[in-house]
Amino acid sequence: MSRALVLDTADEAVAGIEDGSTVLVGGFGLAGMPFDLIDALIRQGADDLTIVSNNAGNGTVGLAALLEAGRVRKVICSFPRQTDSYVFDGLYRAGKVALEVVPQGTLAERLRAAGAGIGAFFCPTGVGTPLAEGKETRVLGGRTFVLEYPISGDVALISAFKGDTLGNLVYRKTARNFGPVMATAARTVVAQVNEVVPAGSLDPEAVITPSIYVDRLVAVPARRYIVEGAR
Amino acid sequence: MAASSSIPKDHSAAIEHTDRGPLTADELAALIARDIPAGSYVNLGIGQPTRVADHLGPSSGVVLHTENGMLGMGPAAAGEQVDPDLINAGKLPVTELPGAAYFHHADSFAMMRGGHLDVCVLGAFQVSVTGDLANWHTGERDAIPAVGGAMDLAIGAKDVYVMMTLFTKDGAPKVVPACTYPLTGVRCVTRIYTDLAVLDVTPHGVVARQTFGASIAELQARLNITMDTP
Amino acid sequence: MAASSSIPKDHSAAIEHTDRGPLTADELAALIARDIPAGSYVNLGIGQPTRVADHLGPSSGVVLHTENGMLGMGPAAAGEQVDPDLINAGKLPVTELPGAAYFHHADSFAMMRGGHLDVCVLGAFQVSVTGDLANWHTGERDAIPAVGGAMDLAIGAKDVYVMMTLFTKDGAPKVVPACTYPLTGVRCVTRIYTDLAVLDVTPHGVVARQTFGASIAELQARLNITMDTP
Amino acid sequence: MSRALVLDTADEAVAGIEDGSTVLVGGFGLAGMPFDLIDALIRQGADDLTIVSNNAGNGTVGLAALLEAGRVRKVICSFPRQTDSYVFDGLYRAGKVALEVVPQGTLAERLRAAGAGIGAFFCPTGVGTPLAEGKETRVLGGRTFVLEYPISGDVALISAFKGDTLGNLVYRKTARNFGPVMATAARTVVAQVNEVVPAGSLDPEAVITPSIYVDRLVAVPARRYIVEGAR
């Protein structure tokens, strides 16, 4: 990809996302959730989306708001059910959203495989459980593995701490989570950051997402975080 | 490691502690903490297992992993310490210890899946006598399935400890000949810590390490399984 | 991008430059540099392709990747700049540009294999009319095989440009109906830059973009292949 | 693995390596080559080794010295032939060392697979070339892939810039190369560093190899680097 575009608003950053897209959405709970990009996506209007994310929304913000707006056809995630996932829960029970549950590490590895050009991989996770039913298995070195395929996105929406004008990203603490791997797995990668800094300001040893993976970058005001109760 | 005066120090001398009632959750957490070798890398599952951390002092040298991308996780954060970017697998705010490291999700689960964690401690609905684990889904039709990192942890750590009560509130055994709930992992549990007994899962079946407030014979009868002694 | 006064600027107007002799390696490097879109992420193979960097000025916005774990590679290092920890794929000391990033080998080749590089420029022994590449092994029996990152690059970049002479020193064609040397990659080359012609590899065969010091008809005869024009 | 042991000498760091071991050796050319550990391994005496490394030695130092000492049965690498690989070249032509050539990215990915618990993976690299002959292939999404298996080591010898007392490592520039991935792929991981610093001195956001992967750590004097000519 060529050098990232630094945009002024989240609305510009999500422009052009089409109906029916598969959208990778970073975050683990609220940490690393790209709130501003999701809000802009709701305004942008893309419909019939498949969302790939670890969770299926909390409270009425972020992914939950996108779900509530009726834009999501299917969720691929590891852990939809949370204490405050009532928006998703309601839609799911009403048959208004489809769900594919994937073990968390397999979700991360399938995204990585997409980004790394791996066609499929034999994974030990989930063997002998309902989540491996119907999947190809193979015994390797005496252990059973299940064949898993890449998950790629049309778009990835992620949140990072700082980005430079080339598109290099650094994250903050456990808000890093799915951002770096999703950034490798989508055709168009959009990152919201707290601050855009000049190229050369980030330590090249500490860049987590190299600029090659980032297409669009937008600085957003400090995040409207809330801290949840227990999972 | 934390000293815990309420639990016999000498495992080998007394397997059956029939004089003392079932362990409280806190006593059980202390017992698990004491059994974790110094310097281990450990993941504590959501819920009850989190309590084990309260009994792992700095002197234990135990390093905690959280699936959402961190080694060197410290105690729960309070007040000013709360940072929305620093949470544990249960999405509660935590702290960072000296020597911590952050990494992304693919790296975090590569660490698990690759067998690098020494111990994980998980809750469970059921464990079979062959070490099958059921802890993610009750099998109810209208339940929304949600697995999170449970399956990855179950097959990834060198030792998988289960922490649970030995019976449900209704008195049904949770150590069973074969799990009736959907499985999380096959033959993955190495030790079962419960209020009434600590059991090793061996190739020859379940072996009682210790019992609390009940004899091995009583427990075998209530569980309807056979239980060896070391 | 670097301006190069010795090469016609208007590709479409004049395909056959029969008035000018074969391009020098430096002219060829300049031509390739001019064809690389602004802001591209590019890997330049060992040897001749390295020269392309000399014609990619800062204004091109091109970011160079080196397989041994870096984006934002700068020019060759000299004198005091030499740092043994900062080398290119040819193991020669280089420099770091603002906005550089370092990563480990698995990440570096995931970047390649995953199709994230826009262009790579590679040397070659032979390229077939269907885009098969042979550039790692001459097939001699006593040669020690050594592939390095050639196969990864060949199948990884969105556009694979080959930079070579069109004929060997002995006059044998290097663009061939089918490679006789062991392959590096199948149907992977998208464009062939040579001293005598620039050729696109298309689903319908080889298409001449430009020739230098020879007509298309002459080259077809010498190469014994058919060649379309755009 | 439990907390890394910080040792005083490279000899202590390589103690116990057995004859017949598979040893992963970091470095790309001379950058990141664990010279002191290799020299100690030569003194230690382990024989009949399989070496996994990107190259097969340069000049008469490092891996080349180990080869010259006659301790290596087999080399698994991507690029043995270099301008100054005369030690390996001689042994290979004399039939005294076996060679498995693996594309560089496949070598890195096979090491990663070992460290990440992946049983095997479908890789697009090398398809249709002599290096894929005899290997299982599969067409996925219209593209042909070849099945590749993990490479794990009994021991990894790597070089990093700094290590803390827990075993966390940071690297320097392109000397990072194979170190982080080899550190995940061996039973015992030994790292030489320029400096051992107290736990808490390294930026947790910039740690590249987390302490869990490192078993033994030794500080060595500044490296005896030489810069090669062309590859």
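Note that the chains take the letters A, B, C and D in the order they are written out, and that residue 1 is the start of every chain.
In this section, a contact is a pair of C-beta atoms (placed from the backbone, for glycine too) under 8 Å apart; a residue touches a chain by one contact, two chains touch by 3 or more.
The chain lineup, named per UniProt: A, B, C, D = 3-oxoadipate CoA-transferase.
These figures come from a predicted structure and were not determined experimentally.
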Any chain in contact with subunit C (3-oxoadipate CoA-transferase) as well as subunit D (3-oxoadipate CoA-transferase): A
Smallest count of steps, each to a touching chain, taking subunit A (3-oxoadipate CoA-transferase) to subunit C (3-oxoadipate CoA-transferase): 1
Most distant chain from subunit C (3-oxoadipate CoA-transferase) by Cα centroid: B
Chain pair showing more contacts of the two, B-D and A-B: A-B
Separation of mean Cα positions, subunit C (3-oxoadipate CoA-transferase) and subunit B (3-oxoadipate CoA-transferase) [Å, integer]: 56
Subunit A (3-oxoadipate CoA-transferase)-subunit D (3-oxoadipate CoA-transferase) separation of Cα centroids, rounded to whole Å: 33
Distance from the mean Cα position of subunit D (3-oxoadipate CoA-transferase) to that of subunit B (3-oxoadipate CoA-transferase), given in whole angstrom: 35
Inter-centroid spacing, subunit B (3-oxoadipate CoA-transferase) versus subunit A (3-oxoadipate CoA-transferase) (mean Cα positions, whole Å): 30
Subunit C (3-oxoadipate CoA-transferase) residues counted as touching two or more neighbouring chains: 96, 102-103, 110, 112-113, 156
Sites on subunit A (3-oxoadipate CoA-transferase) at which at least two other chains make contact: 109, 112, 116-118, 123-124, 171-173, 204-205, 208
Arrangement of touching chains [line / ring / star / complete / other]: other
Pairs of chains found to touch, sorted by chain label: A-B, A-C, A-D, B-D, C-D
Subunit C (3-oxoadipate CoA-transferase)-facing residues of subunit D (3-oxoadipate CoA-transferase), complex: 28-32, 54, 78-82, 88-89, 92-93, 99, 101-109, 111-112, 123-131, 171-181, 208, 223, 225-231
Of subunit A (3-oxoadipate CoA-transferase), residues touching subunit D (3-oxoadipate CoA-transferase) in the complex: 109, 113, 116-124, 138, 140-141, 143, 145, 149, 170-173, 203-206, 208
Subunit A (3-oxoadipate CoA-transferase) residues within the subunit C (3-oxoadipate CoA-transferase) interface of the complex: 1-3, 112, 114-118, 164-166, 168, 184, 198-200, 202, 204-205, 207, 210-213
Subunit D (3-oxoadipate CoA-transferase) contact footprint on subunit B (3-oxoadipate CoA-transferase) (complex, rising order): 37-41, 61, 63, 65, 71-72, 96, 98-103, 110-118, 156
Subunit A (3-oxoadipate CoA-transferase) partner contacts - residues on subunit B (3-oxoadipate CoA-transferase) that touch it in the complex: 46, 66-70, 82-93, 96, 102-106, 108-110, 112-113, 132, 137, 142-152, 155-156, 182-186
